[in-house]
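So that we are looking at the same thing, I have put the structure below in structure tokens.
When the chains are written out, they are named A, B and C in that same order, and each has its own residue count from 1.
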Amino acid sequence: MHMADALISPQVGGAMWATSLGLAAYSAHRLKPEMTERKIPLMGVLGAFVFAAQMINVTIPATGSSGHLGGGMILTILLGPYAAFLVMFSILAVQALFFADGGLLALGCNVFNLGFWPCFVFYPLFKKIIGKSPTHGRIMTGSIASGVLSLQLGAFCVVLQTLLSGISELPFGAFLLLMQPIHLGIGIIEGIVTAAVVSFVWQARPELLELSADSKLEPAMSLKPILVTFAIVALLVGTLLSWFASTHPDGLEWALFRVTGKEELEASPDGLHAAMAKLQEKTSFMPDYGFPETPATQEPEAEQPATEAEAEAWPAISAGTSVAGVVGGGIVLALAVLIGTLLRLVQRRQNVAVS
Amino acid sequence: MTRLDTAISDVDALDRLATRGSPIHRLDPRAKLVVTALFLLTVVSYPKYNVVEMTPLFLYLAALLALGRIPALMLARYLLLACPFALLAGLFNPLIDRQVVTYLGPLAVTGGWLSFVSILIRFTLTVSAVLLLLASTGYVAVCAALGKLGAPRLLVIQFLMLYRFIFILTDEAERMVRAHSLRNPDEPNPPLRAWGSLAGHLLLRAYDRGQRVHTAMLARGFDGTLRLPQGFHWSMADTLFVAGSSGFLLLARYGHLATRIGQWTMELAA
Amino acid sequence: MSHHIIEVKELEYRYADGTAALRNVSFRIEHGESVGVIGENGAGKSTLLLHLNGCLLATKGTVRVGDIPVLRDTLKQIRRSVGTIFQDPNDQLFMPTVEEDVAFGPLNMHLPPEDVESRVHKALEAVNALHLRNRPPHRLSGGEKRTAAIATALSMSPDILVLDEPSAGLDPQARRRLINLLDGFKHTKIIASHDLDMILALCPRTIIMHQGTIVADGATADVLSDRNLLAKSGLELPLGAQGCPICNAKHPEK
């Protein structure tokens, strides 16, 4: 499952973008020019291969279900972890851009969830299981084990990121119980499918598989700097986030407050904000626009939940402001349609005039 | 198999839009990239129950989409492609969060429904913004702009190389799948064994092509660093675009525009 | 202008597994010559061509381009003077647009931007493809891809052009345009092809390869009319040299 823009908070999206870009920069750094000279064209075509192969569905025997190739593991087997991570990044970017899979802001999350685990963490496991003399059984075991584990952790990250973002209401436990078993199934299928390709290549052109296992071509994997960096970033983000969540429910508002020194922007006395403030003053002379009886806010079930996040997010609830808001929103939307249509008409006229 | 086919024609159609001319097309790709990032950040920074205050963003987007001459049909198709996911992700909110937060006439609105609508709005806004960026700039220029803004070089090169070979590889894959399905008319998807060999062959072909491309690159003096000639020209219009957009986004985010307009209208009506 | 010469002496090439792909190949091509290399599939044509730009290095024997032997240390100079056009233009066009592809070689030569620009313009002009400049390769027809691929080699201002199957997969008119285009180039040309009629039209001299060795090297008119030699090498008379199936008269292409 891809993380989506609609479910993400700017903090989580930004932090994961930073992490993924950092990993990409590190990977690019580790690939020396003498290696990229040979690898750049291969990375391009193998990325395109995964992109194409993902679209050919396969029927899994005895289950009747269909699955597709995950990509991370097979790329790592052929290209080594660093190049594979960059390739995964590019595939997910193309999917986000052209097919709206996840979205741009969530791309950092998705690259991490689907690229980090197979490329950097579970590839060594795969290599260990395969050993020096691969057999069909070992390839199958290795692919399934690494596929399942990669996806389990990837899914767990999706849960964490969703939870930290706080847009979706799914409680942690329930979401976890939903995601992990589904991805167990998907992981097994991906493992089987990966094994099918790896077995084929192993029989047809074994030298390709040895390529990245060859320590002369690929510097020894050093997980330590990556894990350390990751741990630091995670710690930082975690601390920052929990602090944000507890004290300042709306991070950007808080940042802005710090920058301007004022809680609310429109409170600043000059320029636009002054005009805004005046407008507000003017409107505040008017009595409540809502329903004179307005009992809604007094009803117990309308009471705000205790969490600060929601109290802040929905300030000063009253039917009056809600209605004003809805009316305003409706007008703005109508305006949006109107402006769009007008601009289009003007352009059409210009085009006609030109031609 | 039509899936490969539609995928590639989708990519192609989107990129073709980028060759049109419009005021938005003419902006520097870096400006558009920065503004898109700001826009996305603004959208996701709204509190989850906030629905009405997000509407001014539609105003902004609609103007840009119209100026950029993005066909409505393309936008609808793009939204449709991605919407099952957003629906699925948001569907739980009304079920779980049943707190009534406000009344619209006789209608009790729960927090869950509000945040659900908010998710749909977020989805529409973010997806449209990405479409606008891509269709008015083109994939290649977006990548080049990323590079200019400091993304790792090798990553940018990989973005470009992948894009080039997607067209060739999906074409090869499609021919192989067609050859398979012509001989197995009853099976929509190849079974695992056949799939393994099909994908395996595709992989080997891709690998060989990679090596031929490598040879062709070497023949033209390639030494491991890809040099991109593309230069951008930042003009006054770009500065104005970035400044204006940032200003509007800030105003939309913190100015309570919709509520104000609503109150103002009702005042006029009263 | 001695650097337009190619000299191959007792060239031998073996694959990693020991099979010989080329054995005792020797020839010398003079400045401005146009030479066709023909032979059945697997005769060693492409392998030979890959030695001319140093993509493969000789197991035994020597290859010289002008005064420079093709060695690991001289590859840079060699590749500057030998422009190779590969069999599948999709392998040669790897950049996002035609323009960037044509600029790829000059940029690798570390030329200043103005020079790169003028070379790109000249190369595209030479193949009448200025209108393709900003197109991505996947939006070109087969013939357009071929001309773009030729431009990518021309932009490096090579002295020698090496072409592998340039007419493969082209429709008759695109093929005709290609032949006219190549005919207009003053470079030393080496063309490997199964399109014997094109060889007949473009190359005064032809080399026939068979199982990794040269079995004939001479004037095209002689070589391509030797029915026995052609049959032994897995080839047949060019269509232009065969009788017309309708009126039974012979119409050589040129």
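Criterion: a residue touches a chain if its C-beta (ideal position, glycine included) is under 8 Å from a C-beta of that chain, and two chains touch if they have at least 3 such contacts.
Quick caveat, the model's predicted, so the values are computed rather than measured.
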Partner chains shared by chain B and chain C (touch criterion as defined above): none
- prompt: Looking at CA centres, what chain is most distant from chain A?
  reply: C
Query: So which chain ends up in the middle if you average the CA atoms?
result: B
Query: At what distance in angstrom does the C-alpha mean of chain C lie from that of chain B?
result: 43
Task: Could you put a whole-Å number on the gap between the CA centroids of chain A and chain C?
output: 49
Cα-centroid distance, chain A relative to chain B, in whole angstrom: 13
Query: Can you list the residues of chain C that touch 2 or more other chains?
result: 94
Message: Residues touching two or more other chains, restricted to chain A: which are they?
response: 41, 44
Message: Residues of chain B that contact two or more other chains, please.
response: 161, 163-165, 168, 209, 213, 217, 222-223
- request: Using the touch definition up top, name the residues of chain B that touch chain C in the complex.
  value: 12, 15, 19, 140, 160-161, 163-165, 167-168, 209, 212-213, 215-223, 227-230
- request: Spell out the residues on chain C that touch chain B in their complex, using ranges where they run on.
  value: 50, 53, 55, 75-76, 79-80, 82-84, 86, 88, 90-97, 99-100, 103-105, 107-109, 113, 116, 134, 136-139, 152-153, 156
